[in-house]
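Shared chain: chain A. Partners: chain B in the first complex, chain C in the second.
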Partner chain A sequence: MSVITRAEVCVVACAEVWRGDGEILASPIGLVPSIAARLARATFAPDLLLSDGEAYLTQGTWAIGGTPPVIEGWIPFRAVFDLLYTGRRHVMMGPSQIDRYGNANISAIGDFARPTRALLGVRGAPGNTVNHPTSYWVPRHGHRSFVAAVDMVSGVGYDRAAANPAAGRYHEIRRVVSNLGVFDFGTADHRMRLVSVHPGVTVDEIVAATGFELTVPADVPQTRLPTDAELALIREVIDPASVRAREVEG
Partner chain B sequence: MALPEAVAALVRDGDTVALEGFTHLIPVAAGHEIIRQGRRDLTLVRMTPDLVYDQLIGAGCARKLVFSWGGNPGVGSLHRFRDAVERQWPLPLELEEHSHAGMANRYVAGASGLPFAVLRGYHGTDLSSHTVVRPIECPFTGEVLTAVPALNPDVTVIHAQRADRRGNVQLWGITGVQKEAVLAARRSLVTVEEVVDTLDPRPGAVVLPSWVVTAVAAVPGGARPSYAQGYYDRDNDAYRAWDAVSRDRAAFTAWLEAL
Partner chain C sequence: MDRGREIRLRRECSVIKQALGTFTGQGPACAVKKAAMANKQMTEDEVVAQLRSGMTIGIGGWGSRRKPMSLVRAILRSDLTDLTIVSYGGPDVGLLLAAKKVRRLVYGFVSLDTIPLEPHFRAARQSGAVEVTEYDEGMLRWALYAAACRLPFMPSRAGLGSDVLKVNPGLRTVASPYGDEELVAIPAVRLDAALVHLNRADVHGNAQYLGPDPYFDDLFCSAADKAYVSCEQVLDTAELTRTAPVQSLLLQRWMVHGVVEAPGGAHFTSCDPDYGRDEAFQREYVTAAADPQAWAAFYDRYLGVPA
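The block that comes next holds the complex of A and B.
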C-alpha cells in the first residue's frame, strides 16, 4: 500500500466511534463520517443500520456519490424519529464550534439576534444529544472550532446535561475526531481529554490549536493506522475518487 | 384552479405560510407565484427552507422565518437568507428556530387540534431562551419534558404527483411533513403534476382527501429544480448555479426582475 494519508487515518478514527454499537442506526453527517460509517459496517460493526442519506435503509458497501447495491428498508424522515426517540441511533455531526464539555454550535456565530454568520440551523442537535449517543467530526482543528465557549449551544455538552437532569438522562458524547487527533470525555468531570494524536501530529500542536485547557494524559498513543483491508475498502470501494483528500489535507 | 388565481385567493399579506416539501416535491412554482404577486410581511414556516425560501426572503416577502435547517442542499448557505439575517437586506428577518423534531411535533399538534406537543429535547441548549418552548412535567412520571406550541399556518402549500378530478391528492416517494402541514392549516393549496380520473394505489403513498384541501392547481414541473418521483429528476446543476446568484445582490435582483 502507498503512503497512508491523514484523511485515511481520520476515516478510521471516525469509524471507531461506532465500534460495539450493535444493531442501531448510524447517522453520519458529512463526507468523512459517511466514508467511516460504511467502513465500520463493512468491517468490525456489521450490524449497523445505514441509510442512503435520504429515505432507504441499505445493505452492502457502496461508493460516495454512488447507488447502494441493495435496498432493505424504507425510512422516510418521520420514521427516523421512531429510532431516535428510543435511543437506537448514534449520530456523528460536524459542529462549527465545540467546547471542553462537548457543547456544540451549528446555528449562529456571534450574537444570536444579530449573528455575524447565520449557519444552517440547530437541525436535530437538541434532540439527538439528549436521546442517543452523539459524536463529532471537526475537519479543521483550531481556535475557531475548539473554543472556550460556543456562541449558541445547539447540541448539549456534559456540564449542561449535569445541570439539567432532563437533558442528562440519555446523554452521551462518545468521541470527537478532528484532523489532528481523537478526544473523549472520560474524565471525572467530563472535560475533553486527548485520546490519541494522528501520525505526524504532536501533543503540543494539538494543545496550541485548542482554545481551552485540554486534559492530556501522561502517555498519549498514536491514532491507529488503517489496516490493509481497510485501506483497500476506502481506496477502491468507498471513495475511489478520493473526495476525502479535499476535506483533509496531508 | 389556475395557480395565479389560487395564490391570489389563498395567500394574503401578513399570513403565516408553510411551503413544505422534503428534498422531493418542493412547491417551487407556487413560491414564485407568491413572489410575482408581491406578498409582503409573511411569516414563512418550513422545516428545511431551501432555494425557494431564499428567493422569497430576497424578494422581500417575509418578515419572519420559522425553521430548523436552512441551506442549499449539497451546496452550502442560502445567501439571501444570510444577507437578511446578518445585514437586514432587503428587510430584517426575524428568526424562530426549532429542532427538526420540534417542528415535526408542532405540525402534529396543529393537525391534531391540540395546543402543544411534548418531546424530550431542547433541555440544556441555548435554543430554549431564543425560541418558543416551555418545560412541562409529565403528570405520570414527573419527568420534565419540553412543550412546543402547535403550528397552525394560515395556509400550507405543497406539491404532489397527482390529484383526481374531485380534488383528492396523492403523493409518494420521500415525503416529509406535508400531511401534517396540510391538516394543521386553515387553508391549503396543492399543486400537482397532473390531474387524473382515478388515483390507483401506490405503496406508501400519502393520500389527502379533497375535504382537507382548499384548492388544487395543475402545475406540471411545479417542483423544479427539485424532483417529482415518477415524473422528473432533481436538477443538481440548478442548485449549484443558484449559489452564484444568491451570493450577489445585483445578480439576485436581475433574477428577480426576470421572474
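The block that comes next holds the complex of A and C.
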C-alpha cells in the first residue's frame, strides 16, 4: 500500500464512531462520513442500516456517486423522522461551529436576526441531538470552527441538555472527528476531551487551533491507521475517484 | 368508442346498478343518471387568482425536489405580496424572496441540495429583508400535523435545549400530565393554501407520486384550507393504477381544490421518474443570483417578464 493520507485516517476515525452500534440507521452527512459509514458496515459493523441519501435503505457496499447494489427498504424523509424518534439512529453531521460542550451550529454565523453568513437553517439538528447519538465531522479544525460559543445552537450540547431533563434523556454526543484529531466528552462535566491525534499532528497544534480550553489527558495516543483491508475498500471500492482528497489535505 | 373506455363505462354502470339493486348484467347501456363529480382542472393563473396578499401559503416538495415551480412562477407574475411562506425550502423560496413576495418565512432549511446554500435566501437573511420562523425539520412537520388534526399544538422533544426556542420567543413549553417532562408545544401552522407538484392526477384531485419519496405533500394539503396540485399529466382516474401501485396515490380528492396540468412544472427541480434536477440550469440560477444585472436577464428569460 502506498502512503496513507490524512483523509484516509479521517475516514477510519469517522467509521469508528459507529462501532458497536448494532442494527441502527447510520446517517452520515457529507462526503468523508459517507465513505466512513460504508466502510464501517463493510468491516466491523455489518448490521448497520444505510440509506442511499434519498429514499432507499440499501445493502452492499457501493462507490461515492454510484448506485447501491441491493435495495432492502424504503425510508422517505417522513420515515427518517419516525425512526429518529425511536432513537435507533446515529447521525454524523458537519457543523460550521462547535463549542466545548458539543453545541453545534449549522444555521447562521453572526446575529441570527441579521447574520453575516446565513447557512442552511437548523435542519434536523435540534431533534437529532435530543433523540439519539450524534457525532460530528469538522474538516477544517481552527478558531472559526472550534469556538468558545456557537452563534446559533442547532445541535444541543451537554450543558444545554443538562439544564432540561427532557432534553438530556436521550442525548449523547458520541465523538467529534476533525482533520487534526478525535475528541469525545468523557470528562466529569462533559467538556470536550482530546482522544487521539492524527499521525503527523501534535497535541500543541490541536490546542493552538482550538478556540476553547480542551481537556488533554497526560498520554494522548495516535489515531489508529487504516488496515490494508480498509485501505483497499476505501481506495478501490468506496472512493476510487479519491473525492476524499478534496475535503482533507495532506 | 375505444375498447378501454368502453370497459371503464361498463364497469361504472355495473357498480352503480349493483348499488341500486338492479343489476341486470346486460350491455354497456346504462339507464342510471349519475351526477357529475367536480372537475377541478384549472390553469396556474386561475389558482393564483384564488390567492390573496397576506395569505399563509405552504409549498410542498423538499429542497430542490418536486417543487411546484410553474405555480411559483405564476405567483411571481401576479401582484400578490406580503405572503407567509411555509416550506422545506429550495428555489421556490429563493424566487419568491428575490421577487419580494415574502413577509415571513417558516422553514426548517433552505437548500438547493447539490448546491447547499440558496443564494436569494442568504441575501434576504443577511440583509434582514424577511421575518423568519426557523424550526427543526421535524418541528415543522408537527406544526403542519397539528393544523391537519385541528389541534392547537403538538408536543415535541425536538427544539429543547436549542436556540430555536430563543429565536422564536413565542414558542412555549408544556408539562407532561403523565410524568415530569417539559416539552415544546409546537403551535399549529394552518395554511390558507398549499401548492404541490406530483407526477399524475385526475381532474378530481386524486394525485399520484411515482418517485421514491412522497415528501410531505399530503400533509401540506391536509393542513390547508385550499390545496392546489400541479402535475406532469392529467389522466382518467382508472389509468392512475393501471401501471402503478395504489400506494402511489398520495392525495385524495377531498384534500384538493384545484388541479393544474403542468408538464415540466417542477423544472428545474427534480420530478423523478419523469425527469431529474436540471443541474446546469440550477448552476446558472445560482451564478445569475450573484449579480443584479445577470439576475434581471435570467429572470426575464425564465419568466418572460421583466424583473
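The definition used in the following text is that the second predicted complex is superposed on the first by the 250 of 250 C-alpha atoms of A that agree within 3 Å, B and C clash if a C-alpha of one lies under 4 Å from a C-alpha of the other, contacts with A are read in each partner's own complex, and residues count from 1 in each chain.
Definition applied: a residue touches a chain if its C-beta (ideal position, glycine included) is under 8 Å from a C-beta of that chain, and two chains touch if they have at least 3 such contacts.
In this text the structure is predicted, and so the values were computed from the model without any measurement.
After superposition on chain A, the partners chain B and chain C collide with one another. By the touch criterion stated above, A:188 is placed in contact with neither chain B nor chain C.
Once the two complexes are overlaid on the shared chain, A:124 sits against chain B and chain C alike. Contacts of A:3 after superposition: neither chain B nor chain C is touched.
In the superposed pair of complexes, A:81 makes contact with chain B and with chain C alike. In the superposed model, A:218 lies in contact with neither chain B nor chain C.
The contact surfaces that chain B and chain C form on chain A in the two complexes overlap at residues 54-55, 74, 76-78, 81, 84-85, 107, 112, 114-127, 129-131, 152-157, 160-161, 163-171.
By the touch criterion stated above, chain C contacts chain A in their complex at residues 62, 89, 107-111, 116-117, 121-122, 125-128, 134-139, 141, 156-164, 166-167, 180-183, 212-216. Residues of chain A that touch chain C in their complex: 54-56, 74, 76-78, 81, 84-85, 107-108, 112-127, 129-131, 152-157, 160-161, 163-171. Interface residues of chain A, counted against chain B in their complex, comprise 54-55, 74, 76-78, 81, 84-85, 107, 112, 114-127, 129-131, 152-157, 160-161, 163-171. Taken in their complex, chain B has these residues touching chain A: 22-23, 67-71, 77, 81-82, 85-86, 95, 97-102, 104, 119-127, 130, 135, 143-145, 173-177, 204.
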